[in-house]
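Can you read through this structure? Questions will come right after.
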Amino acid sequence: MSNSLGKLFVVTSFGESHGRCVGAVVDGCPAGLALSVEDVQKEVDRRKASNSAGSTGRREEDKAEIISGIFNNITTGAPICMIIWNRDIDSSAYEKTRFIPRPGHADYTAYIKYGGFNDYRGGGRFSGRITAGYVMAGAVARKLLSLISIEVLAHTVQIGAIKAGKVPQDKIRDAANRSPVGCADANASEKMVSLIQEVTGQGDSIGGIIEALALNVPVGLGEPVFDTLEGALAGAFFSIPAVKGVEFGSGFLSAGEKGSENNDPFTIENNRIATKTNNSGGVLGGISNGMPVVARIAVKPTASIAQNQQTVNMKTLQNSNIAVHGRHDACIVPRAVPVVEAMMAITLCDLSIRAGLIPEVIK
Amino acid sequence: MSNSLGKLFVVTSFGESHGRCVGAVVDGCPAGLALSVEDVQKEVDRRKASNSAGSTGRREEDKAEIISGIFNNITTGAPICMIIWNRDIDSSAYEKTRFIPRPGHADYTAYIKYGGFNDYRGGGRFSGRITAGYVMAGAVARKLLSLISIEVLAHTVQIGAIKAGKVPQDKIRDAANRSPVGCADANASEKMVSLIQEVTGQGDSIGGIIEALALNVPVGLGEPVFDTLEGALAGAFFSIPAVKGVEFGSGFLSAGEKGSENNDPFTIENNRIATKTNNSGGVLGGISNGMPVVARIAVKPTASIAQNQQTVNMKTLQNSNIAVHGRHDACIVPRAVPVVEAMMAITLCDLSIRAGLIPEVIK
Amino acid sequence: MSNSLGKLFVVTSFGESHGRCVGAVVDGCPAGLALSVEDVQKEVDRRKASNSAGSTGRREEDKAEIISGIFNNITTGAPICMIIWNRDIDSSAYEKTRFIPRPGHADYTAYIKYGGFNDYRGGGRFSGRITAGYVMAGAVARKLLSLISIEVLAHTVQIGAIKAGKVPQDKIRDAANRSPVGCADANASEKMVSLIQEVTGQGDSIGGIIEALALNVPVGLGEPVFDTLEGALAGAFFSIPAVKGVEFGSGFLSAGEKGSENNDPFTIENNRIATKTNNSGGVLGGISNGMPVVARIAVKPTASIAQNQQTVNMKTLQNSNIAVHGRHDACIVPRAVPVVEAMMAITLCDLSIRAGLIPEVIK
Amino acid sequence: MSNSLGKLFVVTSFGESHGRCVGAVVDGCPAGLALSVEDVQKEVDRRKASNSAGSTGRREEDKAEIISGIFNNITTGAPICMIIWNRDIDSSAYEKTRFIPRPGHADYTAYIKYGGFNDYRGGGRFSGRITAGYVMAGAVARKLLSLISIEVLAHTVQIGAIKAGKVPQDKIRDAANRSPVGCADANASEKMVSLIQEVTGQGDSIGGIIEALALNVPVGLGEPVFDTLEGALAGAFFSIPAVKGVEFGSGFLSAGEKGSENNDPFTIENNRIATKTNNSGGVLGGISNGMPVVARIAVKPTASIAQNQQTVNMKTLQNSNIAVHGRHDACIVPRAVPVVEAMMAITLCDLSIRAGLIPEVIK
């Protein structure tokens, strides 16, 4: 296991889906940052299962607590431990299928890697629920980034075959917030909701794509060659369950382009250097170039589906079947949006501290 | 800068395009591994510019040396330092354009991040040439992986709009080796060569996609949640200049799929657990599942093009123009193939050691 | 702040003296280890303030909880978070002296480093109380080490001018356990108790030396050159408040010796290689040599004393005075004994895993 | 092996005594630092064997080269690789005693840990010669520290039973430089020289103690709790072969003291907070307090002695004898003085960067 992320702003994740809690320790947060439990709760709430189409039936209160590292609602420089206690646990469904791995899940790989000692209830350590811890850490990172005006923003741009149309950058946040699927294009959002209802009805699930943006990023974030901005962000995004692809700027499309199309011409804008296009996604040579950092994250369809699937019995090594009737999201994408933001914020925060942009004490 | 990669098998990269050398230190290689300079040279040679279409005019001998860590052609457990001295350096082209950043390159971001002190000649530390050091480290990793039968293999699957057809897995290596562009589909290979010649004639460049495979990977590689197999590989791939996207298995396509399509059913094959399909790309929950690990890496078109491009003067903050007439590859993809293999081997080697699969001493 | 220790067996410490809790996250513990809260509580209890001479008046229940990482009292491979909630907090004494740093404490340095935002109550993050978290992590490490028969053992060998006589190695543990000051020499123990009572009566405090032993350590622990066994242990010991010196084997005495005296002759014992003496403290070239690892740790006298001391007001920059009338140990040495053991166990555990001696899964 | 030290200013060591070279890569050095090979050579020269009593007969030219990371004698932000090629190698003495471990050396532990594959010639990776690489890295660190006025200084305070008298702090450097044993007390220096000659005549060796000072250290260096100033320095010092103890301020003496004696009273001096005494060695709570940082490092007698010693044959497991007639220093202490300075400089440099005192670019 490797449950710490970052070099100077270090997030340590712990907890399980059906254990006592999920949590995170943030080490390296500068002293002097105003931080209340409400700041953290706000982000946790964005990730909560709602009644919208596609969300799990599990209803957790998800009440965040900060149990170390702040004093009078200001960070002290000490590690910040944050916890959410699990309440609404129903593990009954998992006992009988303990040796029957659910296709698309970590049941099989965890069983082998941890010799069968892994907590298999609800996916245990591999559940999407542990991202509640990421989101708490992300709340700290966001507050730090706001001090240097960096804003992090994610939204759903595709679910199944439905793709969102282009929305002006300054409209995205509000529009995405209004959408039950986190999509800024109202039209597409409606279709996505319908699609999720449709696949839910089929006992099926559906994937999607999230676009993540970081705005007002100064030139200089990213530590080549082995902690490039792209590499660090990608590493963080792949710690979100179900993520299967990450690209920046024109990404996979650039494979089909010529240099004369893909290169972003430099230009002077308001007496500052900018690029006329942003095919690079705001990153040149692994370092931010002052343009918006743009990443796209592919999320596979939820592995848990009610349909009958072929699988095996890991103990008897015989073929078997499973239909997963727990409480799951038919489409994880909407709830992954704030998690993507959290991971982006955590990574940018670490790189900002390393680049000397955030001091050891906030004054 | 952050020039070390890995936790137990640690690669430290150094050197510049037009400095005295490029090199790498490999720390954490077990003692007792047979390792000769020929093992290393072989991989370096695969990366060398050839006379094939699309390659730079720079002709480096690229002679690898191992200057520490082996004794009688066997590793000692001590750090292995490997060096290639630069010979064919012509920096004249760079002096006059020192303050004129080439679009698509790191010239601008490096200038700002390093306060203008960066070695700008030939891209300096940001040149593709530093990947010669990666390849030397990768040669060590490959030899270690071969002890546990893991094989790493990359090939070109797309250049521009030309996509390779499916080639049986056991034919890929030989066919790709025969192709001047590293493409296993002979038909597509020919078209790719033509396309590269065409864009070269236009003073332009072209991007592509490389597929990387790891075969015979046992179940259990990858350290969730922050060093997942996908995250670790992606981080390594993004340290290769020009990489803009990384996906695993069905990757971005899975966004459009349903769970019933995307989930890989488990089955018993030769008395062992396998999956019937491999949409997961061999990774479940961030851990290898015993199927081939399959990644696809998007490479943008070479930034250096002979066509005139709009840019700026970083000193005067005025608009300017540049046509890059140095010695460059019109398509970097073929030469990136062995580099992708190297980064995959390095990452899998580190994770294998962490998983206890490679011991401290090879006997 | 840097609150994580270790490379594969990683301990993250959090919590404050007068905050809500002290705790630790252990990441990298193999799956399959039997671990109950009683295992942890046992070590916590050894560190608790007793009624013996020299102990603080603060009476904490110190009830350990394991809130993640175990399932049915067996480790799962997931991070293990352990917590002790603070109960008996009386911060009144600290408010009025907030800007009056106590000599010998971190009040001044923490005030400057953290810009006055540090939690100053009871020393906050710099209190000896945070070592309760170390001891919980140490309990996990001890259980792992016991699987490979490594035993860790510390005892008081000096308090003030009173030095313990030599006690046969196999008698140390029991004798030290019987002593209220953790000293295996009953005679010296009595005198130490008297001395502590004497200095307590004077409103003063007293220092001491702890010897730490690791028995049955195989040859090969320690990772030269920058994670030598000595360096790794010393780094860990210096994370215990009040430690001011660490030596191995003949340590500082070896400065006065000749090679012919200090070198430990090799010899064959029971058909195995051993050394006739152990001036090296069981470490050669930074690697364990199979003999007992022997360290000595110098602990300064408790900084908190009731006597009047000269100090300053950090705000007004004027001279001032302070007499510390909180609840403190007049001699921290006895309570530091289990903490020294914990830090030794944690370090040896990490090095054992790195050397491949403890597998990823305990079977 | 673990051959990288530091978090942001990272030194990677490589090379062997009788291999092709010794070297170091410094990663994380800010761009813009004036650095010439002469800066490095100067420190290497201080470490060179001279004709003074006690030095090895090996006569290496020890010519330092900087092969990456600088451009026009200014650092670029890229990793700085520095090398000394080995020239005067005579390995003949080692072949016949390959399986006869020299008492006090790493021959036995390296043989076991690396399965007999270690380079045994001249101690290989465990030779004091590798500290030439430390000294090169230290030269870079010193230049960086000089930008913030931190000065690092070490001197011999004891050889055998001969202890140096107290010398005023501002006289130490010059006086120590004039002494062939690096001792600032001229009287003691003479006696030390005689003692070394005496033990050399006896075919023996002798140990000693080095005091290391860091002056003008601002308040705030050190990252509690697991990278305290003391712990980080101690870890670095123990990477020097033959170091067996490290203490700070009153160190082991504080064990015998009362709080009223050991606590350093705070006082106002020139309108700034200082302490009247410096028993803490400039460190409170693991953080520098603005007073001189004072460490004492115990160095054991050189393990190589000409006298006959009892040992074993590792292959036959029979008792044997050895007299080491290679080329060695009878007292390593004088040559270790610049190495101690280097390790202190490297550590303080890393902590200074982490504390934000040295920026990413030197302007």
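Should a chain be cited, it is by its letter among A, B, C and D, assigned in written order, with residues numbered from 1 in that chain.
Here is the rule we go by: contacts are C-beta pairs under 8 Å (C-beta built on N, C-alpha and C of every residue); 3 or more make two chains touch, one makes a residue touch a chain.
Just so we're clear, the structure is a prediction, and the values are computed from it rather than from any experiment.
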Chain pair with more C-beta contacts, B-C versus B-D: B-D
Centre distance in Å when subunit A and subunit B are each reduced to the mean of their C-alpha atoms: 27
Chain centre separation in whole Å, for subunit C relative to subunit B (CA means): 46
Subunit B and subunit D: spacing of chain centres that average the CA atoms, whole Å: 39
Junction residues of subunit C - those touching two or more other chains: 1-4, 7, 13, 110, 113, 125, 220, 355, 360
Pairwise touch network: line, ring, star, complete, or other: complete
Residues of subunit D touching subunit C in the complex: 1-5, 7, 13, 101, 103-106, 108-110, 112-113, 125-126, 130, 158-161, 199, 202, 204-209, 219-220, 222-228, 230-232, 234-239, 241, 243-252, 254-268, 271-273, 275-276, 279-281, 284-289, 296, 298-305, 307, 309-312, 314, 317-319, 355
In the complex, subunit A residues that touch subunit D: 7-8, 220, 354-356, 359-360
Subunit B-facing residues of subunit D, complex: 1-4, 10, 12-16, 19-21, 23, 25, 27-28, 31-32, 67-69, 71, 74-81, 83, 110, 113-115, 117-119, 121, 124-125, 360-363
